[in-house]
Structures are given as C-alpha cells and as structure tokens.
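Next, two complexes with chain A in common: one pairs it with chain B, the other with chain C.
On to the complex of A and B.
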C-alpha cells in the first residue's frame, strides 16, 4: 500500500477512535487486516428514522491511491433504503463517487452515510424498487425499512403482519430472504409476491 | 551470495508490527493550522489556494491531476493560477522545534517537525538494545544487500527507505556486480558442462556431426538437444522393436526345427527298435474303413545310425476288409551305397495290449533276400513291403485292449543278421 494512504488511514483511524461520535456510539471503526487496506465500519441507525435502534455494518476498502480516490464502501448489513442496493449493499452517495474530496476522512464519510439514512435521495436512487415505494407509499416504505432493520440490524420494531407473510412463504419452501425481498418489492401483497416467486 | 543471508532477510519481514499504532509517529500530530488536509501530516512546502486552504505542494498537485476542485470546498482550482507558495506558514513550521521522542532515553536533539520523522529513523537512541525489552525489530528490506538498519515499525522503515535511497542504490550496485560475476562464472561452467554432456550424449552416426558443429550456449539449446536426443532414441527404440520381433520369429521357427531334429535323432539312433504310437486311432480307423486305400505310414527309422531305414505301414487288408495289414518298407537313405543289399535280418512286430501285457501280440519274421522289398530302394519308400496282409482282426484290435486313450502302440524291432 502506498505510503501516504497507509499513513493517512492510520491517522484517520486514530481520529475516529478519539472522536465523540465513537464515544457516543454513533459510529465505530475496526481493522480487518494488518495492511490497513480493509476496515469494518459500523453506524447506528439515526433517531426518528425507520433505522433507529439498528446497527449497520459497512465494508470499507481503501484503494492504493487514497486519499486521491475515495474509499470503496458498501453495506454488509441488509438495508431497505432508496440509495442502497437491497441486493449488494452498494451505496449511491456523491461523495463516494464524483464528489469525493481528499479532505474527507473515514469519519466524515461514515457520518455522511449516517446522514444519508436520515435523508434519502429518492431522485438519485441506487435501488429503483425501494425508491419507487419511498415516493409512492411512504408509510409502507417506513414499515418495510423498520421490518428490515428489525430482522437484519437488530432494530426493536417487529412487524407482526410482515413476519407472518414471510413465514407463509417460508412454509411454501421459499428461502427467507428471497421471500422478504419479494414481499417488500410487491408492497407486501402476498399474491403478487407468490406469483413472482413461482413464475 | 550467501543463501542464509537471503533467508533471514525474507523471514525478517514477516513479524512487522503493522497493527501496532506507532505512538512515536502519531504523537507528532500537527496543529490543525499546520496540517495538510490531504496527507494529515505537517505541511511540507505549503501552498495556499485562492479559496484560502493550505496543502502540501505535492498533495495538492496530485489531487488536482484528477480533479479541478478544492478538496475542501469544491471550488474550481487551477494549478497554474490558483495555487501560491505559502512561505509564511513554511517559515512558521520551520521555526518550530520538537524534541525527539527518545528524549527520555537521552536524545537531546530538537528538530523541526518536518525533520522529526527522518531524525527518529536515524536517532542513535532508536536502537535495538533500547527497545529490546519491548518488541521485535524489523530489518530493512534492503538487508539482503547489506543494509544493517532495523526498525520498530513500518513508518520508520518507510522513512529510512525514503532517506537512504543513495545508500541502498550503492548496496544494490555492489550486490548486482557480485551476482553478475557469479553468474558469469556459473554460466561459463554451465557451458562447459553442456559441451561435455553433448559429447557424452553424442547421437549415433546421423545427427552427431550436426550437434557438434553448433555448440550449445544456453538452456534452450540444451533442451533442444535433449529433445533431438529423445527423438533419436525413440527412433532407435522402434528399430530395436522390429529387430526383436524378427528374432523372436526366428527363435520360434528354430524351436520347431529343434523339436523336429530331436525326433529325427530318436529315429536315427533307435537301433532298429521303433515304437509307433498311433494317436487319434479311432478317427484314423474310421477314415481307413471308409476308404480302403488310405494307409498309415510311420516315420522312417534306422536299424543303426548309418544303417537301413524302414517305415511301417498299417492299412485295411485289401483281401479281407475285416483285417489289418501290417508291413515294413525300406526307405532311401543317404548311405544306401555303403550298405549291403539285399537286406538280411529279423523283423519283429509287437502290438501292445495296454490293459494286459500278456495279451500283447508278437510276431517275428526273417527277411527274404529274393524279394524286391529287401533290395536297395529306388523310390523314397520302396513300393514293395514285407509283412502280414492279415495281421489282426480290426474288431479284435479295437475291442481287446490294444487301444487305450485312443492310441494304438505297435513296437517294431528290426535286426540285421
């Protein structure tokens, strides 16, 4: 790894560790290997959002050319959000792409991602299905996001109706996550989800 | 080069303490106004942008190579018109003095923040014996070529690598020339070995001349030579296979001839006492009964190695189809001229009863010198025979124990008198 990248990541790591956000439990950063090229981030779901109470893990890969190129970050925890792929966890966030600036750090990036959870950008979606639901049936989106937060990120709100529908599909021999994706995609209409799964 | 040296060098790289945050380096944290937002280090050759941000010259240059904006506020920046040297900050940083982190160990040196990393790397108190109680020291990655520096961390090593390029270059140069010399020497010896090997491996006749005319100079040529050699050997292998096939054919023919010769010997040296085993007797008898002109002849046997040669004929009697006729016939030999003619002697037949030896049928007769049958034969087998036209009744022979295992045995004894 290039000298400047390793050096900077080390300084940033220390910066994050000393930061009040870590002290407050909003973000966390962990090393994955010895070469400082891969880290594991963790952000708390922001309050007053469907993600509240959930803990979201992020995979952070630091390129050789850091900080002249942005780190590659994706969600390892499955999340229902217009700007995050529900399949791959890829994040659509301008500062991770063309708006990256060398003055940004892992701390500011993690805080930006956390902010993204509070304020989605449905007009610049990563997951078109989620974005559509976000725009057209915000209440259902909120419930779905809460449900995913509960199931995958340890959120507190368990939604009985959704759990039941997922269980129904599981009983039909469908994989749990597949069932949840199908139901979430078809606004929790069991028939359409079933139709899609068995077509 | 000493192989052990190389080995220890490669082993030495493994235990680098990368996970340990190096406090020495990180404690050298600049105040934010002297910190470059790109490398997060002390501003080195600081520049200031038109939007009022300071960077190391090299950091902002690298950044603007791919982007046209300030890393902080995204305002458009051009390397040519928006970047100015910030000599004020530069001076301020240079006026700062920082104590060496090894001050506690006795280093009194104070340097500018920019020189601190370099000093730490070369600080005489930053030595193995000082930190021996704490951690494993990492040898310089140029150890293999002779650099003796060791470090507590990757940062230190990086600094050292940066600073001592000149030294490392000369180490490398020395090592290179050493390798080159060794290589030349070993190349020379390899060439000699190849030559020697070629002489040893000289292919038989046809390609030998060609190989020696072009001496091999490198490994690929050696491989080519080996390949050619393999082809030659395979070719020869084929040829040998063919030769072996021919020889084994000859050998089996020889074995057959040998067997025949063996039986010929038996016939020649039986001294007139011949035992005729007629196998497949039933089938032969059937054939003879069907066709009364079919006759069985025994092989010719000699009364002595250079004596008379006789054969025995068994057939259905022309006069009485119920009986066998049994005759002896004189046969031509290469020695007929040396013998006395007509033949004089006693001829005995014995048809062996294989179940009861006492029932064996024995008959003896004397030659009759007036008969053509005992004159010097004119054909391969003398047309006239001598014996019994009604020797035995066919049904008796079959029924009374003369045939066993489908074999009839007739013993003939011919003695010259």
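On to the complex of A and C.
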C-alpha cells in the first residue's frame, strides 16, 4: 500500500505543477527526498489579511497509509495565527484530522490552509494565547500578525514601534525570537514582557 | 473551511481551459479516474452520490474509518451495499467486484478442524464408561462393539483417525476379553 501513496503523490505533484495556482504564485510544491514521503509546500499570504505579501513554508510528511490518512503538515515559517501554534507550527484544521477525505489532494489541502489564513477559527484554537488576543484586541492581533509576517515571511509592513521594543529587549541580552514572543503574548506591554522574561 | 477551498478547487479545475481538443481528451480520461488513487478505476464502482472509485480503494477507505463511512469526495453517506459495480464492454466476466477483492477480513471464518484433537481422546468417545467398573464387566465388553458402526461422531472411513480408532478398538476388545476371562478364572 505504500505503493499507492508514492504513486498518488507523483500524480498530485504533476497536477500541482500544471495548476493555475502555481502559475499565479499562490501555492508551490517542492520535493524534499526521492522517496516521495516528504515535500515542502509554500503558500502566499492571502490579500486583505495581515499575512498579505508574506511567503509561508510548510513541512509536508506523507504517511505510508496516504491517501487513506491525511498528510502531516506544519508551518515551518513562524506565524501569528489562532489556529497555528506560534511555537511548533502545528496546524489545527479539521481536514488534516477527522474530516480528512481520501479525495482531497495536496493542492486542495494547501488551498485550505491558505483559506484558513483568511478566515481564522478562534473557537477551535491551536494557540490559546493568540486566540485570546484575536478575540479581545483584534487590532493589536492584526498588527502583531503583520509584524510576524514582516519579520519571518518577508511581508512588506514593518511596524516601527514593535521593532523598537524587540530591539530594547535584545539589548538587554534576550534572544530575539524569545523577546518577540513575550511582547506579542503581553500585548506589546514592555513592562509585563520584561517581568515574564526575567522571572 | 474545507468546503470553501474544495469548491474553490473544483471551480478552478472545471474552469474552461479554453482551446484545444487535447485538453478535452484529458478531461475525458479523468472522468474515469478513481477518486482515491487517481488512476484509471479498476473493478470500478460508483456511489449513490455518483462518485467513481476502484472497489479495492473504496474498500480500504471504508475499512480505515469504520465508524464514519462517508464518500471521500462529497462526504455523503456511503456503504458497501450502496455502491453499484460498473461493467464496461470489454469486461467479459461481469463479476461483482465486491465479491472478489479484497476478501473482507471481518467476514472470514475458518471451520474448526475435525481431526485436530489429542489423538488419545479418540477413544474417549466410546469408552468413557468402561474402565474399572468391576460390577459391569459386560458393559465394557458391549461398549467396545460400538466401534465400527456409523455413529455421526465416528471418523470417516479411510482417514488416519478411522484407522487409529479401528486399531484402538481391537486392542480394547482384547483387553476386555482378557478382563472377562480373568473374572471367570480368578
């Protein structure tokens, strides 16, 4: 049955390559090894979202039982989103779990993940901290997501205030990413973030 | 979420590609592709919702999620009994694919083997009331004659078990005769 997995991935790969989404730059797929068990996906941040202009890399692992079981996918690019862990990149998406259907393909899955970036599901969060901010201070959430997109995914919007606060903590000897996480978690209140980092 | 992107996906897949007949041919071929392995469907079956699969592929899908049997394409309810096998013209056998591949694991049962028991127990069948009952020596004697007649539990003629039973019954017959003689002369 591993045979069916490799055969199908090969077929899907060809189809993705010919698809208009690849032509339009919305998604990309790349092989990682010769055994077709691991691939690298790429999606463009959808327009009119804080992820716009960013490029997000995804790790795709194809189980031996594919397509009867879903591929294992996580974000390799750090992202601030209620349904993605800001730490591990794990994605909370029903079709990657119990709603998986054998007729779904890597192409439709990548498009679904892209759609998730446009429409978060804060009621089914993967990252509780992010989800809380998303619900309670949507404007701050938007800025934070934009900032992460700028720093980690090559997005265009640099947020001066945030950059400055991160730099302040770096100057205090804190690791850059750690500083960013702490500030993002405490709604960019320098004092609370510092307190947490030094406690 | 899934719904959105799926409809997006199918919308773009069915969007008119425009030009040549080559495209059309490809689309015709795709019509006959299994929705699971994406290859040309073999032992094809079609669901009530109209989706085409190889039977082996659909069977494995149903086995993977026994508690949630839904169409892999549209998530309508689906089951073994509600798919229709498709017979093309070239297919001479017209055998229902559901009957041949793959044998359903749950439906298999092997009959217990007839002569698998401990051989010594073979003679328990006729002798269980015979030993050490001094008061009924002749009961022993008669019981030995139960062998060889066609009780339903007796092994069929010609088998090893039958031979064995015959052999044992002869031995026991001699033991019984000796026992009777001993009773008489002792």
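As a convention for this text, the second predicted complex is superposed on the first by the 198 of 199 C-alpha atoms of A that agree within 3 Å, B and C clash if a C-alpha of one lies under 4 Å from a C-alpha of the other, contacts with A are read in each partner's own complex, and residues count from 1 in each chain.
Assume contacts are C-beta pairs under 8 Å (C-beta built on N, C-alpha and C of every residue); 3 or more make two chains touch, one makes a residue touch a chain.
None of the values given here were measured: they were computed from a predicted structure.
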Both complexes share chain A, so when I overlay them there, do chain B and chain C fit or clash?
clash
Tell me which partner A:20 touches in the superposition: chain B (first), chain C (second), both or neither.
second
Partner chain in contact with A:121 - chain B first, chain C second, else both or neither
second
Scan A:99 for contacts with chain B and chain C and give back first, second, both or neither.
both
Using the touch definition from the top, say if A:12 reaches chain B (first), chain C (second), both or neither.
both
With both complexes overlaid on chain A, does A:108 touch chain B (first), chain C (second), both or neither?
second
Using the touch definition from the top, say if A:88 reaches chain B (first), chain C (second), both or neither.
neither
Considering only the touch criterion stated at the top, classify A:4 as touching first (chain B), second (chain C), both, or neither.
both
More residues of chain A are touched by which chain, chain B or chain C?
C
Once the structures are superposed on A, label A:35 by its partner contacts, choosing first (chain B), second (chain C), both or neither.
first
Touch check for A:164: first (chain B), second (chain C), both, or neither?
neither
Looking only at the overlay on chain A, choose which of 8-16, 26-34, 116-124 or 296-304 in chain B hits chain C.
26-34
Can you list the residues of chain A that touch chain B in one structure and chain C in the other?
4, 7-8, 11-12, 67-69, 99, 101-105
Residue ranges of chain C in contact with chain A within the complex
1-2, 4-6, 8-9, 12, 15, 35-39, 51, 57, 60-61, 64, 68, 70-73, 75
Mind pulling up the chain A residues that touch chain C in the complex?
1, 4, 7-8, 11-12, 19-21, 65, 67-69, 93-95, 98-99, 101-105, 107-108, 111-112, 114-116, 119, 121
Could you please specify the touching residues of chain A with respect to chain B in the complex?
3-4, 6-8, 10-15, 31, 34-36, 67-69, 99, 101-105
How about chain B: which of its residues touch chain A in the complex?
16, 18-19, 21-22, 25-26, 29, 37-41, 53, 59, 62-63, 65-67, 69-72, 74, 154-155, 158, 162
